[in-house]
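Quick heads-up: structures coming right below.
Across the two complexes that follow, subunit A remains constant while its partner is subunit B and subsequently subunit C.
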Partner chain A sequence: MSDAVLPPRLSPGLSPGLAPPRPRWRAGETLTAWMLSLPAVLAYWVLLLLPTLAAVALAFTDYELGMDGFAWIGLGNFAELMTDRGFLQAFRNTLFYVAVVTPGSILGALGLALLIEGGTRGRTFFRAVFFLPVVSLTVAMASAWQYLLHPTIGPLNAVLRQVGVEGPAWLSSSGTVMWALAGIGIWENLGFNLVLFLAGLTAIPRDLYAAAEVDGARSAWSRFRLVTWPMLGPTTLFVLTITMIRAVRVFDTVKVLTQGGPDRASEVLLHTMYQEGFTYFRLGYSAAITLVFLAIVLALMWLQTRVLDKRVHYG
Partner chain B sequence: MPILSRRAALALPAALVPLAAPRLSRAQGQAEITVHYAQPFIYKESYDAILAEFAKREPGIKVNFITTPNYEEGAQLLLRQAATSQLPDLSYQGFNRLRIFAERGIAQDLAPLLARDGDPAGAGYTPNLLALAHFGGMQAGLAYAASNPITYYNAELVKRAGGDPDNFPQDWNGVLELAGRIDRLGGGTEGMWFTWSGDDWMYSALLFGHGGRMLTEDERDVGFAGPEGLGALRLLDRMVKEGGMANMTAPAARQAFAAGKVGMLFQTTALVRGTLASIGENFTLRTTGMPVIDPQKGRLPTGGAAGMLTAKDPAKREAAWKFLRFSTGPEGQALMVRNTGYLPCNQIAIDDPQHLGAFYRENPLFTPAVRQLPISIPWYAFPGSNSVRVTQTMVDNLARIVEQRATPEQVQQDMAAEVRRLLPRRS
Partner chain C sequence: MSGIRIEGVARRYGGTAVLKGVSLEVAAGEFVALLGPSGCGKSTLMRLIAGIDRPDAGRILIQGRDVTALRPADRDVAMVFQSYALYPHLTVEENIAVPLAMRRLSAPQRLPLLGRWWPGSRAARRAIHEEVGSAALALGLGSLLDRRPGQLSGGQRQRVALARAIVRHPAAFLMDEPLSNLDAALRVHTRREIVEIHRRVGAATLYVTHDQTEALTMADRVAVMQGGEILQVAGPRAIYADPEDLRVACFIGSPRINTLEGVADSHGLVRLGGYPSGLRLCGAAAGPAPVTLAVRPEDLYLSETGGLPAEAAGLEFLGESLLLHARLAGGTPLVCRLPPSYVPDLPPGSPVRLGFDPARALLFDARGKRLRDIAVVPEPALV
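The block that comes next holds the complex of A and B.
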């Protein structure tokens, strides 16, 4: 679970050497540079690049775990994906999950960040409270949610019963299961986004607000619209990308709480990939789903770096 | 590679022993084997007890255990290791996964070894018990632990609904009627829950109960498209309509039952220990056999695990076979039952009261499953590479009945069509 995707401008640039090196040392220096970066280069090849290439290759085979050989089947796996009811359902469910969790956790975090920033007391307390879900283990928290959302003995439905509403079977009814999972997703992502927004808010120069007030922006809403929101642009872009990537790769809660059920109503991309590869042992097909997943993540990152980045950085 | 390093570390003392006692090693043969099993939280005590006893008899054999948290990961581990030639020498796998290993040539046929050791039935391996691990046309393993589905009920709720806990209804009509009454008690109580999700095991209990089959005899077509299959689906439908079966996930249903909110629960006998622990003092737990559907043709599926031999080296193979024989023999089985609550898989351990008589007298909750042994048949495993996917397809379709989104007739048609597509094509 590494979230170490930093926006490009945050990564420190290597400062150029002060004095240009003498020519005869150049070869030796290049060699030293390669030797020094060798461990990292090796690790990158062995742990990232080669496995990724292997997965790409596997996606074009019919390899099954435990079978002796395999055959190259070209785009066969991808053709099957297009007609696989389970995969298409997983794809739609993942889109739904991203479409609910992304705005939910971003707007929620922004609202809370403004409240905490505007408040006078208990900032650290509230920051810690909302950040707790981020540092807790999702699998363990999923068990807690399972109890909270329990149809008969769960506190949520007990509260609903008090006001005369018969609560649904949140995690076992196909009509509510994706909403319940998305709710947990928002809870999970909110704290992380909140901290990022708080950092973004403190970076806004105070005098901009003063200047805005002089220029006639008197209401809180116009201060937000004219100063806060534009100045938060880079932060929001980063939060948006990160949240979407985190949402696309939803897996733990599904695996622990629903296993994709009932009748595939909560099947998501990574869970389908896991099922195909490790329960049904169809590694080739599973690799094809991995490629689809990879394409989505890369597209999101491309969107951030190439398209949106240009519009939110001023100066 | 923790296994390799562990092996290397353990090989050191093993290599020193022959120097210290050359005569002993020549007499007994020195071998070191690796044995895999799943679900240590259920099985660890039983394997440790068996190994302690085994070590006394075969001091020359050194056994190293490796474990996986569940059967699924156990199957993955073996398939991965088969690809890299790092297989353990003996592995205990879930019954329904043995066919995968048999069809992929990983499990070895045990019939010749059994025949070499004399009459199998004389050693407690009766044809019925051997059949539990007979898959893919061969004796792919020897059954180690067995279970069958039973009825768990809350004696207090049954009494409150006007039922008699000592005279629990024997057929589904009576059971559903009582469940309906418990459901109407109010206060958030549910009548019953039937473990239909997870895999096809409990559906097969309803199907076999009607005398039905999963596939036809020649395995070319589905066997649940007839009246038995429909009867099983209709029962599931009636559980929702008459028995007040709520739409819950399996863990949610077990929690609600343990909290005293569900009248009866239909699930494997293997969970008696765990259920007792989670109930605590909440209510009195009682168990009884599954409601009878067809008294003559009705059967029940058997869950559990079997040991399969994977060693290639002759000395290791011999040693692994000895351990497998001991763990599935009368003494090994008695130790297994006392430490897990599963059913014994050796006829001598079942019949001879010196092994388990006292255990069952003191633990009556385990006895319904023993009484059902005569009508227990193997858990059916589907042929071909879609074996596991078929079970998921069936569960998905059962969900439509539980959610009341489709009638049993519709579901039967769709389920048959979808499973047919997943069966191996034959020319």
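The block that comes next holds the complex of A and C.
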């Protein structure tokens, strides 16, 4: 470790002919290395590792806020999770949300990016328009959505009425609430993915398209298959991972618009965790949900780095 | 029958005319080099022939067929790009197979997994596999078929690009500075290889380059291009020894040809700064007029008594020859190529006399056009 930090031959004032006093020098070097990395190591432990470990430990206790003591209950919390209808509902809803938002916002962003890149004018304008949801405050935007989706005064249902369809109460009927939330989720993530795809598209060498044309790729689709899609591989992988992780983390729209209702129909993982931890003060149980959440995120990251990464970086 | 025929092709980008009515013909089986400095429009012309870009005016014919309005895929041309433009996600074999697969397999047959089992797919794929194999073999890529471009050296990538071009046996080959990304030693080697491949394949080839050595050594004919115009098309020897235009004379040859400003008097006798040149303009061109006399460094020699008086500025030893840099009284620089065995030292400032055989000098008019109707005046000899 110390060798890697500062190779002895880089040290000033030592002529190569003289044998340096090796042992003493080494010890000093090691100490310097530790001193230099101490702030980062401390910050990492105090801010990241210890809280995580504390959460892991909490997950195996029955600790509740305000209690004098706690008992180790092993996998008790997890056993309870398996039978907790509320948690299972939240788990299913989160999976549904990820399964709709991820393809929706990725394919939508890719399509829009191709349209914007293919157009000759207004690139900056469209990029800014679609990026707006990313920089705006979701909580504030949620009230706009509440108005848009309102069953009687909302513009969406007004439009539907024009074509003779009676729109549902989007956010307060259990059949549509997750679809409505997923729609908002797509709107939220689209701009972010769009900007990433635009950057990826710009990086594709123009010569490859010219070569594809000369090689006989007549249709736009065959050029997309031969050049654009494979060349966007690393971008798509990154977008996929980041979108899935962002989708698993869905919380603020649920908290502001539905509070998990009606009748838990829009309950999601983080909202359940928040309720258990900060409404019912069951910190041990809440920590167990956090661990489940952490496991999902880590699994997604593992999928990216170990499996998919090898298939999209060529060389 | 002609391979490639270009008739009065023009192209503007915004307000700049990049090509000003270019005409050129490459016969079937011929190798023509398009030589010019960067920015002269040669790559633009190449892209117009490939169909990647469209001309504003003029026609392009390939094997007698007007392809001006056709898509690149329908023109029956293959192109080797300066950047090679290989598909990084495909193996060498798949890269070479792309032009065949795109033309012979239908869209469903090209599908990643399903395509293999689509009716007719197997036989077509087997044929493609064999043709790719023989193209790869011709370029010594047999052992690299499973690699990806990222795992290959520059020279190997270059060969994959060539194999992808020849695999389909197109009517015309276009090569856009294919050697510029290789190191010097590999460039000399690949030069010969490309010429041999061309001989074997025998398609009309247009080769764009800014390197005169490449153009002169590889091509049957060289088209010299400058400022969006083709100045001269001729064999390598003629381009060097018998240029039509002063710009061609100056562009070809290293070191650059020596140019001397002179005047032709009313008898047509050409004088250089007061010294007779030994040349006389005949015919209509005669009359008091400014002319430019150009003479190659190897046609200048050190003279004892005759020639133009000059001042030595320095010697450069090149191995196979020795370059003497000198300056005329008026400040005009001259370069003279001497045999490497030349011994006497010429310190800067020492007086020298430089002579030349008038028969080997070239005369150009004020617009840079070659004056051919000239005669050597036997007397008086230089000075």
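The rule is short, and it goes like this: the second predicted complex is superposed on the first by the 282 of 315 C-alpha atoms of A that agree within 3 Å, B and C clash if a C-alpha of one lies under 4 Å from a C-alpha of the other, contacts with A are read in each partner's own complex, and residues count from 1 in each chain.
In this text, contacts are C-beta pairs under 8 Å (C-beta built on N, C-alpha and C of every residue); 3 or more make two chains touch, one makes a residue touch a chain.
All of these numbers come straight from a predicted model, not from anything done at the bench.
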{"item": "Subunit C versus subunit B on the shared subunit A, clash or fit after superposition", "value": "fit"}
{"item": "Which of subunit B and subunit C A:261 touches, first, second, both or neither", "value": "first"}
{"item": "First (subunit B), second (subunit C), both or neither touched by A:64", "value": "first"}
{"item": "Which of subunit B and subunit C A:151 touches, first, second, both or neither", "value": "first"}
{"item": "Which superposed partner A:72 touches (first subunit B, second subunit C, both, neither)", "value": "neither"}
{"item": "Which superposed partner A:279 touches (first subunit B, second subunit C, both, neither)", "value": "first"}
{"item": "First, second, both or neither for A:34, with subunit B first and subunit C second", "value": "neither"}
{"item": "Which superposed partner A:173 touches (first subunit B, second subunit C, both, neither)", "value": "first"}
{"item": "Minimal inter-chain CA distance - subunit C and subunit B, angstrom", "value": "46"}
{"item": "Interface residues of subunit A shared between complexes with subunit B and subunit C", "value": "none"}
{"item": "In the complex with subunit B, residue positions of subunit A that touch it", "value": "64-67, 146-147, 150-153, 161, 169, 171-174, 257-258, 261-264, 275, 278-282"}
{"item": "Subunit A-facing residues of subunit B, complex", "value": "72, 76, 78-80, 82-83, 100-101, 104, 106, 188, 190, 197, 246-249, 251-252, 255-256, 259, 261-262, 385-386, 388-389, 392, 395-397, 399-400, 402-403, 405"}
{"item": "Residues of subunit C touching subunit A in the complex", "value": "47, 50-52, 71-73, 77-79, 81-83, 85, 87-90, 98-99, 102-103, 107, 110, 148-151, 164"}
{"item": "For the subunit A and subunit C complex, residues of the former touching the latter", "value": "205, 207-208, 210-219, 221-222, 225-227, 230-231, 233, 314-315"}
